[in-house]
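Order of writing sets the chain letters: A, B and C. Residues in each chain are counted from 1.
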Amino acid sequence: MDEILKVSNLKTVFYDNSREVHAVNDVSFSIREGETFGLIGESGCGKSATCRSIIGLLKENGKITEGEILYKGKNLVKMSRKELEKIRGHEIGMIFQEPMTTLNPVVKIETQITECLPKTMSRADKKKRAEELLKMVGIADAGQRLSAYSYELSGGMRQRVMIAIALAAGPRLLLADEPTTALDVTIQDQILKLLMDLKQELKMSMILVTHDLGVASQTCDRIAVMYAGKIVEMSDVHALFLNPCHPYTRGLLESIPTISKKGSRLIPIEGMPPNLKKLPEGCAFAPRCRFCRSICLQQEPQLQEVETGHFSRCHFRGEPEGEK
Amino acid sequence: MKKKKISISFLAGGVVLLIILGMAVVPQAFTSQSPISQDMSALLQAPSSAHWFGTDELGRDIFARVVYGTRIDLAIGVFAMLVSAITGTLLGLVAAYYGKTVDACLMRVLDVMTAFPFIILVIAIVAIMGSGIRNMFIAIWLVGWKDYAKLVRSEVLSEKNIEYVAAAKTLGYSNLRIMLRHILPNVIDGAFVYAISDIMMCMLVGASLSFLGLGVSAPTPEWGAIISGGRTFITRAWWISVFPGIVLAVTGVAISLVGKGTADMMKGR
Amino acid sequence: MKEFNYIIKRILQMIPALLVITVIIFAGMRLIPGDPAITMLGTHYSDAAAEGLRHKLGLDQPLFFQYLLFLKQVLTFDFGNSITMNAPVWDLFKQKAVVTLTLTLVTAIFTIIISFIFGYAAGMSRHPLISKTIDSIALVMLSIPEFWIGIQLMLIFGLNLKLLPVGGWGSTWPEHIRSMILPAISGAMGTSALMIRNIEEEITKIKKQDYVDFAYSKGLKKGVVRNRYILKNVMVSTVTLLSMRVIGMFAGSVVIETVFALPGLGSLLMQGIMARDYTLVQSLVYIFAVIVLVMNLLTDISYSFLNPRIRLE
């Protein structure tokens, strides 16, 4: 399989009152054609910033300072706005977290879909295509919904519409930034299933950003766990769940309730994520780590391959012996 | 919260405002000329070292008239604002606190009042009661309170159900005490910020009324009236109307800057 | 159908408000100290003339009856004759309304042009210098009295440069329009300043919305996003302020009309006040109130068309 996207040494900085916030700090990963790649971590760990860096939509105070993002061999970081406009939507699409605020409140759904379609299409064709797209995302009375405004739709509906819009121009890579977080649990599953079905059907690749390990385990082929702007562990989904190497990943796994673990206690990760304006010396996770040793506070660990295709950013491969 | 630096614009506005306040309190310190004494040997003279802003058709020194006018214009702004602010705040507070019929009554009154545009209503009231500075005050007051009432009412409605009010009620405090000591301090910020810019609005309305001949009467120096008086001689003596307008605008800007600075500082609290 | 019901409901709601307004106006007019008939006649009058005028005005009737008379005038839009101008009030109104309407329209157009250009520039610019400059200009514009800027414009463009008429209304439409330019600029200043700030604030808020980012992520051109996403949403959120101010302009044209000697409703009202023509003043104030109520209703209706989120209920 070919790589569709290759991110190397990406650094993204936000400026907050002239102070630098390192939201994405030396992140590298690659995605193969047809793969679903999960980016997981707590809020503020840089997963959304990574996504937005890829599609070139950082907030005004954000900037990519280093690294490259190769999409089919072309560096997106170096592209002009005009070139990016051709990539966005047509090659890389994105869906957002909040269905309530992601649709334009004063423009009809139809326009929001048809404006993504090629200019060469006739009006009638565009309308037909828009209806098809709505049907594709499972909206029953698609014809009627075209003339609706977003406020007339429920949250789940809006998320479906958003997906239809993002897919309208036929992107090959879909960035899904917490696509189900804002939805009810029952609707979450529907949307997730829809996304996976569409991905299969349209043979897309996908980056799924989520803080929900359950969601990631069901859908992703490979997963990268991010902490404080860095990837701390990356592997295929089975190895990650069977043999988590980084203490942070373990902490995450232990803090999710599962039916099989019913009765056993959930162990929360103590403490708060570090302040990205002044990262601690050494390992960023050290202050919260159960296994923290003196070396962790002095020296920053590198991402090392613990087994084939399984990387971990910890001084201790696998199990560090004994608790502190 | 970190201590915020006082901005330069706030400081500049403050300094200008202090000078203007000084002009209002001790006009004698700024000019040795009299604002009303006529000098038939110096009619309609252009600005010079003797008469900085020139003289009018009766030989009166415009600079002196502008300086002495400060007191009246500022007083119109401040007092018209104060009476409106106090009335409106109290009415809004009471209406929102008691709700139901009281609130409904206030809302109906506000509905009717919005049907009259501000300036028409003020003019109509002055027309009914006769022109003059006192009636002008009353007119601005009768019309001006409604914005404060609206503002405070909506603030109180969102505050009323907050726990501290319930807590105060269970402690057996009287309604009056809860309103004045507990709710009012929490809702006053918005009204305060509005009040500062309202000083400027009241000054402009006052000047407009005097300009129309409905406010301050002839010999008293007032900026709007001076501008109005200069209109007749506009081709021969531009200075009569130009300077009071500039001073009025500068005062307005200074008040806005101070108001904006204060609002920023209150936000930073 | 829903819209129709809403409009009917709103019109019905206007009735009590209008009734209260008639009471206020009527009471206000009776509160004026002195006998209106004598005030109108001035110092030289005969008892017979005063009696005649009192009878003509209905002042010899009981108070309640007088109110009913006023109510009847109001309901039929037959306000009787203006005493000082010797013409039906309604005819005077129609004749002067053209001037004020034209003035309001031209002022509104200037306001929209000025405020959208500068507000948009200030909101979209990434340079703090641009937005700060525009903010400062708006601040100054807000503090300048409109009658003063009117006089200065008149002096510069009318008297010195002789580019535009100094005042008056002219006799042909091209003249009418030319004579509106200076008054409209003077009148547009304050409102534009307010709107510039409002638009700037709205744009900075809307720029950060998810739907703008989503629009870009769809690969839309910058221009499309700006027009269809940012500008359209800004317009929805500023239309209410704009229309409220336009209503204010229409009714508050007294000052500008006085400065430029325009024969409009504001001038008519001032003449009425100065001449103590009570019939004229009370009728005009009532007509103004009706117009404002109707325009408020129109604003709400048009707003619901612009903003689909607002449902007419």
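Keep this in mind: a residue touches a chain if its C-beta (ideal position, glycine included) is under 8 Å from a C-beta of that chain, and two chains touch if they have at least 3 such contacts.
All values derive from a computational prediction rather than experimental measurement.
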Highest-count interface - the chain pair sharing the most C-beta contacts: B-C
Label of the chain whose CA centroid is most distant from the centroid of subunit C: A
Euclidean distance of C-alpha centroids - subunit B vs subunit C, Å: 22
Between subunit B and subunit A, distance of the C-alpha-averaged centres to the nearest whole Å: 55
Inter-chain centre distance, subunit A versus subunit C - centres from mean C-alpha coordinates, in Å: 53
Of all residues in subunit C, those that touch subunit A in their complex: 126, 207-211, 213-222, 224, 228-229, 232-233, 236, 306-309
List of subunit A residues in touch with subunit C within their complex: 52, 55, 57, 59-60, 81, 85-90, 93-94, 96-98, 101-107, 111, 115-116, 149, 151-152, 162, 165-166, 168-169
Complex interface listing, subunit B residues touching subunit C: 108, 111-112, 114-120, 123-125, 127-129, 200, 204, 207-208, 211-214, 224, 227-228, 230-231, 234-235, 238, 241-242, 244-245, 248-253, 255-257
Subunit C residues within the subunit B interface of the complex: 16-17, 20-21, 24, 28-29, 31-32, 139-140, 142-149, 151-152, 154-155, 159, 247-248, 250-252, 254-255, 258-259, 269-270, 273-274, 281, 285, 288-289, 292-293, 296
